[in-house]
Structure formats: C-alpha cells, structure tokens
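Below is one structure, written out as structure tokens; the observations come after it.
The letters A, B, C and D name the chains in turn, as written, and every chain counts its residues from 1.
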Amino acid sequence: MPVLETSPSVHATSVTDRREAAPGVVILGLDAPALAAAVRPGQFVMALPVGGERVATALAIYEASGRRVSLMLVVVGHRTAELAALTVGARLEVAGPLGNGFELDALGAEVALLAGGVGIASLYLLAEALRASGARTSLYYGARDADALVDAERFEALGARVVLATDDGSRGLRGFVTDIPELSTKTFEGIAACGPSSMLRAVARLAERREIRAQLSLEETFACGVGACWGCVVPLDRASAQAPAFPPASPREERAYVHARICTEGPVFWAHELRW
Amino acid sequence: MVRLAPSEPDLSIRIGTLRLAFPTLGASGCYGSGAEYAPFVDLAHIGGVVLKSVTREPRLGNGTPRLVPTPSGLLNAIGLQNPGIDAYLRNDVAKFAARPCAVIGSVAGFSVDDYAYVTDRLAARDEIDAIELNISCPNVGSEGETFACDPRLAGAATRAARAATRKPLIVKLSPNVTDIASIAREVEGAGADALAVVNTVRGMSIDVDRLEPRLGNESGGLSGPAIRPIAVLAVWEVARAVAIPIIGQGGIETARDALEFILAGASAVCIGTGNFTDPRAPVRVADGIREYLIARKWVSLDDAVGRANPGARLRPVAP
Amino acid sequence: MVRLAPSEPDLSIRIGTLRLAFPTLGASGCYGSGAEYAPFVDLAHIGGVVLKSVTREPRLGNGTPRLVPTPSGLLNAIGLQNPGIDAYLRNDVAKFAARPCAVIGSVAGFSVDDYAYVTDRLAARDEIDAIELNISCPNVGSEGETFACDPRLAGAATRAARAATRKPLIVKLSPNVTDIASIAREVEGAGADALAVVNTVRGMSIDVDRLEPRLGNESGGLSGPAIRPIAVLAVWEVARAVAIPIIGQGGIETARDALEFILAGASAVCIGTGNFTDPRAPVRVADGIREYLIARKWVSLDDAVGRANPGARLRPVAP
Amino acid sequence: MPVLETSPSVHATSVTDRREAAPGVVILGLDAPALAAAVRPGQFVMALPVGGERVATALAIYEASGRRVSLMLVVVGHRTAELAALTVGARLEVAGPLGNGFELDALGAEVALLAGGVGIASLYLLAEALRASGARTSLYYGARDADALVDAERFEALGARVVLATDDGSRGLRGFVTDIPELSTKTFEGIAACGPSSMLRAVARLAERREIRAQLSLEETFACGVGACWGCVVPLDRASAQAPAFPPASPREERAYVHARICTEGPVFWAHELRW
C-alpha cells in the first residue's frame, strides 16, 4: 500500500466512556481530538502501558468522531487486561495514528468486508467511509460464538448487509466466515478483511479464485509499531514491493520475496502481493 | 568532587574522539536509523543512534514470530535482516547525513574477516561517526559459539576491526558469559575505544497450546526491564576491569534506570526496548538525568560516572 | 503416543529411586522446611520440598537488605544463613520426618571436601529422601569461581557427593555460563541422578539516592518471571545434552509457566519466588497441569515431558 | 516477642470503600470477616498482586471491625501504586494475619505511641485495644509535612493525646518525632513505635536512656512474609533470642547476635533485644 501522509505523535488522552460489549471485550472511549481528526480507516495506535515495564500494545482505532476515538479490547494477556481494567477518567497515552490504512478508492462500489474476531475493530471506520462514498457494503463477520460477536448491529445501522458465522453455530452459519456460501457467488468489486492469519489466508485463496482484489489487514506481534525494530514482517513479493501489479506476473513458487514490515508497509496489504 | 553548579549541568560526553551532546542513544536494532522516531523525539536532543547491524551479505532474517513479550521483557529473534553492506552503502547510508546527532554504524559478522571487511567499508563513509562491533552472532566457524563469549575470538574480531578504521570503535559485549570482565579486558587490549554493555540475554518461550517455541527461530535474545539487574551488574564488573568508557544498556526506561548504569560506571546509555514502551524515552531520560545532576549540584556527568562503584577505574568523560 | 485417558491422569514421577506424588516442589531457600507454607497448602499435595542449603560451618548470612524487588523479579542475597551441619542435624532434621511429601536436603560448600562431608552426614539421616547439591557457591580454592560455572569443578563436586551417598543426587546448575549443556554432561558423567535447572541469574540494583547497591551484599541472584525465558532455554538445551531427569525452575507462577519447562524437557518443577506471589502456587500449578493433561487426553507426564523439544533425549518419568 | 496463636490463610476480599487520606495515601476498606475477627494489633498481611508477576506486598492491618479491615497505602513504587489504584468492587487476595503483634499487657497503664510516616497504620488497632484496657495513651506522630499526617484526629477520637511533628514544621513541632520535648520528661510505663528504621533507632536510644521498655515494629523488604526465605532479618541478641531479659545482662559490644526474621519473630521486637 502506498504511504499515506499522517504525522503520528503521542496523544495524552483520558477515558471518557467504557462499555463491556461482550465477555472479555471492552470498548474504551478516549478524549483525543487531534487523533480523531487525523485517523484514516485501517490505521492503529500503540497504547503505552500505564506503569511502564511492558511494550506498548497495537490496537486498531475502532471509532472516531468529534473529539472521541474508541479502542476495542479483547483480553488475551496482561496488557489487554490492564487496558481493559481502565475506568472512566483514567489517563492513557497512545502513539498514532500509525500504519497505512485501506485504499478506499480501490474497493469499488460493491464491497465485501470480512471480519474474524477482534478484526471487526479495524473495519468500522472503513464501513463508515464506504457508506459516505456511496458504495454498497456487505459485512461477513465470524467469531467463536454468539457472545463474541460484537456490535454487528452498528454495521447494520450504517446500511451494511450483515451475515454472521460462529465456530459453534450459536449464531449465524456454523463454521468459518469464509465458508459463508454467498461469498462464492455474489459479485464484489473489492474485498477488505481483518482477522487471524488462518482466516486471512482463506480470504486470499477466495480472492484469488474469484479474481477479486483483496486488501488484508494483518496481525503480528509488534514491538515498536513505527518500523524501527523489524519484528513484524511478512514475506512480500519482491516485484510488488517495488511496483505492485495485478494479477501477479509469475507463478507463486518462482517469485522472490522480501520481508516487509507490517506496521509500516502495512498493516493493510494486497492479498496477491503476499508470499505466505 | 562536588562543585558549585552553574545554571545547567553539562550532559555532553566524549568517547574517544566521538562527542555526544547527550548521554542517551537509540540502541542498535531498536531505533531504526533514527528517522522512525523523529515524529516523537527531536533527534537533536539525543546523543546518537546506533544503526541496525549490517553484514557482508544480504540477510532475509528469521521467519515469524520474531517477537514475544515476556514478563517485563521482550524476546526477539530478528536474525540480522539487512540488505548486505553493498546495497546498504548504495541505498541507505547517504540518508544518515541528515541526522542532527551522532550516527554509529553497527557491524556484525560470522568470521574475523567479515568484521574487518564490513568495518573497513562502512567506516570509510563520512556519514558514519563511529563503529559498534556486534560480536554476539553465532560464529559459524566455531560450533555456534559467539565471538562475544570467547576472549580469544572477541579479541581477534576487535583487532581486525581496529586495523580497518581509526574512527571510534565500540565493542558490544554479551551477558551470556561467566566472567564478562575477562572479555572486557581482552577487548580493551585489542584496541577498542569503548564497550557497549550488554547485548540481550539468551532465552526462549514455549507455546503450550501449539507445543513449540513461540519464536520462529526457537530461541532469541531477552531485553527490557527484566534484564536490567543483570546488565547493571555487568557494567559494575566491567567498570572495575577496564579504563575505557562504557555505554550501558539493558532495560532502561527512566532516568533513574539510566543512573543505575551511570553510577555503576557507564558514561552513556543506549535505550532499546524502552522506546517500545514510550517512544519519547531517550529525551525523557536525558531530562531526568539533568534534573538529578541539578538536585545534587553536580556540574557534569563526570561527577556521576562510577560514583556508586568504589572499585571502578576512573574514566573522565566530559569533553 | 496419545492414549485413551482414564478418569485422572497420573501426575506422579520418579527421579532415580525417588518417587514424587506431584511434579511440583518448593524451591530451596524459598520454601523453608515446608512447615511455613502449611497454613496455605496441604503439603500432601506437593511433590516435595527442597530444604534451605546447609553448609559445614554455621553462617550468619549477609547483612540487610537481602531482598530487592525488580521488574517481574526479585534479587536476593541471603548469604546461605544456616546453623551449620552439626546444629542442623541436632535441632532441625528430626522435624522433617512429619512431612507428607518428599524432603530433599540441599548441600552447599566451598570446597570439594565440603560437598562430600555435608552430603555424607545429611544423607545418612532417614528424614532426608534425596540430596540436592547447590554448586553455585564460590570455590575458595579457585579465585572465587563458582563450582557450577566450571565443568571440572562441577564434576569434582558431583563425584565427591556421589561417593558419599547412594540416595538420589540432584545437582543444581547455574545459568551464569555460556554453555550449560557442557556442564550438564560433565555432571551427568560424574554420577548425578538428576539436574535442577536453573539457579538464580547474577544481578545488581543500585540505589540512586544513596549512591550504593541496594543489596547489603552488593550483588545477588535474580529470580522470578523475569528470568523464565532464560530458564526455559537452559532446560531445552540441557534436555538435548543429557538423559537424566531435569527439575525445571525459574519464574514459575502458573501451570502454563510450568508446562513450558515440562514441554522443553523437565520432569518436575520447583517453585520459589512464585510462592511469594501466591502461597498456594505449587498446588494451583499441579491442578493446572492435571487439567491440561486431561484436555489433551494425555494419561501421564510422560506424554508431556520434552514434547515441544524434538532434540530432547527420552527420559521416562512415570513410575 | 512470643508467638501468638493465629492461623493465617488467603482471604478473598473485595474493596468496599476507598479514601484518599492525603496526597499519595489511600485507605482501602476490604470485606474480610474472618480476617477482621482474627487480627491482633501489630499484625500484617501480604497483599497478593492482582496480575501476578510481582511479589506480594507487606501491609499493616490498619483498622478491623465487623466484616471490614482496612489497609493504608503509601504509594512508593509499583506495587503500592497498583494497590492504591484499586476501586470499589475490585477483588484483592490477602494472606494473613501474619507476624506477632504488640504485647499489650507489657505496655502498662501509661503508654507512649510513636509513629513515623506510614508507621501510623500499625498503631490504630493498638490504640483501640489500649483504650479498651483502660490505659492512658499519647500519640507522638511525625511525618514529612502537614499533608502527610493522616487521620491524627481518629486517634484523638479514641481518647489519645496527640502531639505532632513535621520535617518542615508545616504542622506541630519542626523536626523528628523523637525530638518532641515531653518525650524526655513525661512518665510512661511503656513505649510502642512504628516507623522508618532511623526513627526506631532514635526511639531505642530514648527508651534506653529513660529505662522504659519499648516495643518496635520494624520494616524491611519482605518476600514471603511467612518465615520461609530468610530475607527480612534483623540482628537480635543471642541471649534474648532464647530468653528475653531486661535490662540486658552484658554490655552491647560483647553480646553475640543471631539474625532473626522480622516477619516471623517480629515484626514487633523489644528495643533492648535488637543488636543494630
């Protein structure tokens, strides 16, 4: 993805609101006017740990409007637990906005959004922008179980068709989000997806099969989040790394690759440029 | 030793012929080329940046995951990803001229000749103010032993690099040894101008769900506050063994952390993982050191270096 | 290897002739004689307690502070305070008969003869089920070098203790070495029945207000979650080098922590600093290991030991 | 001090109330009925860290009545900061009651309590017990400045005379609490003190000079708090360690000493038994 012009900085925010959207999922509203004004869909922040001694946590910017941005926290370890425990009034510093977001223009007028788990957090601003641009949007959203599906109705409120899937079938289709039948039949001009890497690989295969360009927002363990440590790489087609082309010129196996930084060259990549 | 304080204590230091305006540097492999942190800190307010290590040949680096957070620490196994010295000199080095702070090149290798060759080529460039030798790479010629863990090999690598440049030469020691002082003495004898103490501690984390190590490379290097006590002791012991300046590092996040190293005998500090906790760390640390000196009415870092270490050899650092 | 699970997996293990009902022990110097934790855990639900190290002569131990909390860790410098083997045998050992778990005596020394003498006297007592050799003490005859950091000295201490008793002999290794595998091989060759991996990592913390090290003894040993990645890697490497059982330790607080060691190749684990975080830790850890085995339908620890370490040598542990 | 019979255990408590008694000083009320019933003046708990990864924190039990105990937190580092950040409803596990408290009977009918800083937290239950026993009590309480003097009026409410001192003179005498003149003149049968070690040494000298028996509650860095790690020692007269005697039989210099554990043999010791 081409580098967007953003100037990140450390924002001293305070928690304005806190909502437990599901068991183990907390949405924190932050007073952060400069960040709210600067952010583009698909960008993220590094949330600095309150007491130090841990590396900052990469978090998508879930919502942004007026002075407020929000973060969606899925508690999986110490850092997400500490952040999810913050209460209204607590102070939190976040560095951002960081990374290159989605390329809105390249998605066309009929868009499939695919979200797996916490990946949903990266797609709300995109869905908002798509609605503003007049595109028709469908959200395919999968999670562990019904409880773990967060805020699907907020996407519906944006005018998106919403189709759900759960691992245990407790809501929507039983199975993976990429198994939803209409994904193999319905016509789309573009796909944007965010979720665990196994899901994104399935999305890449689907996109390749259907010859639709897909933008994938990747997850990886980050340390710096700003391109300094080279800890967050993904193999990228060497040719694409210089001059992205679609469809790929040479068969998958022969292509040389480079290690690109997800935090800096991404987190959003064209599926066909990845050499997983 | 306590003198009357002028309005501002002097934070600048000297390492051989290298002058640093501040005693705080970005650590190798953690600070990119400095530009990555420019949105967060004014690079004119840090002492310098130690660049990511470069090798003779290009290296793709390790597979992922390359990072695993651990309690108060971070495991990394980047695998020295770099374009190789040729492409580096061609594409990257020219950009470093713009840095308003010192730029220290980091050289890694797998043989004595590698160290000589890469040092020679990199040090020849005007953009590079000094060379740091990263001798903590497994030496393929010697059963995976790292240069930094064997006094003889450490000395040989140092001598080779010394012969290749007259620019200030910093040699970075590993904590994965029983007696770091003996390595330090050998490296000093081989002509190093300063020592970086210490690199990461070897470690591993296992994913008990997937039944395999979390790092793509299986094992990696532990950094961050977890290793700070290990690093402070290493500086303490090295300061008693050699007279050349020490650049302390390992888990520094705050000025008080940095002062532990300085009082043990370090003249400057590198901040690596601390940037991942707060990208403003190096400037915050320098500010805190200044306040500390003011509160004690000390006029320069000379008043602090080694002050808590009665056995430390004297190493004047103020320019 | 995956078999059908009976209702309850077997957590008991065997180390030489020593049978432990659970793979979780209280670590030496951290668990007193077990009685101190009896209000919090049923000692019948831990595998055993490794007693505080005892020496030939009485020792007052170091001055205070003896403890410094560090990020996710703890520095200690107790200085082997103990009444000496005579008074210990006279006043203390008889009480250990009442423990409903294994009681492992820990022997420290400053010469090869110390290890032989104290092992001989302590192992002769029926209350003591096994001996652990704490060889991380400086050898007075050898320039302050510790036994655990020199393969030759480690082997000599082990052989001397081996000659003094036929009870299970565990030798405790230090992480303060470059190549722990070589020490492990030497100690195995010298007749040890098992290895404890690892003791504390050397470290220091400096009080920047008082301008001196925080510990009364200046430097000390770092323990707790901070060192877990270092300890897991040590177990991983030792498991590839020797075939005798390994007792893993270093920063274990939860069952998942313990499982990192077990999957790397440890047959049992010691919990030291983890008790200071939660005095119920050893039982909580054993419960969690049981749940983990059940979830995977594994029937005994044999299914787990070394499972993530393809290079680990086979060491059946189930009785 | 002789071993009192208590049976410590881990109490699962929840925060019932929280009060900022002074800048950086927080009093947490806990619902802990069994602990409240068992505790004696001068005992402490080990507060287990909420997210693990740190050793537990030694804290005096400040108040105890009904189902409630309270802890007074002076924020000096990470652990006290984490505990002080707990809000009402938060869960906290504490192990206790631990240690030997004050010997009430040995204090007599005219008692001087000396508190330095957070040492005040160890003396409130003692003051209550003294009032119940009918003893006359004076509290001499020193702190950094007026702001740091916490709850002095609560001791007054118990009928104690309260005399204050601050390092900067912002309230009460300017100077150390042991400098308060009437401590050198007024008649006391017993002294009980808690505070930093420099203060306790001054109390020990005062007690020796005035030939009054003093009970000192010592502070040291704890790890286990239960006698298992030998990290918290103080040099104790060897003779006293077996059979306490007053006044000491031999001159200070000749006495042999042992290292006694503050958490187990203490935290309260007779001043004349210490060999500092």
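Please note the rule applied: a residue touches a chain if its C-beta (ideal position, glycine included) is under 8 Å from a C-beta of that chain, and two chains touch if they have at least 3 such contacts.
Source: prediction; values computed, not measured.
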item	value
Between chain A and chain C, the fewest steps along chains that touch one another	2
Chain of greatest Cα-centre distance to chain B	D
Centre distance in Å when chain A and chain D are each reduced to the mean of their C-alpha atoms	53
Centroid spacing, where centroids are CA-atom means, of chain A and chain B in whole angstrom	35
Separation of mean Cα positions, chain C and chain B [Å, integer]	34
Where chain A touches two or more other chains at once, by residue number	53
Multi-partner residues of chain B (at least 2 other chains)	71-72, 224-225
Residue ranges of chain C in contact with chain B within the complex	70-73, 75, 145, 149, 176-179, 201-208, 211-213, 219, 222, 224-230, 232-233, 236, 251, 256, 259-260, 263-264, 292, 307-308
Chain A partner contacts - residues on chain B that touch it in the complex	29-32, 36-37, 39-40, 52, 60-61, 64-69, 72, 74, 76, 78, 81, 224-225, 253-254, 273, 275-280
List of chain A residues in touch with chain B within their complex	7-10, 46, 48-49, 52-56, 77, 79, 93, 95, 220-234, 258-259, 264
Chain D-facing residues of chain A, complex	51, 53, 78, 81-82, 87
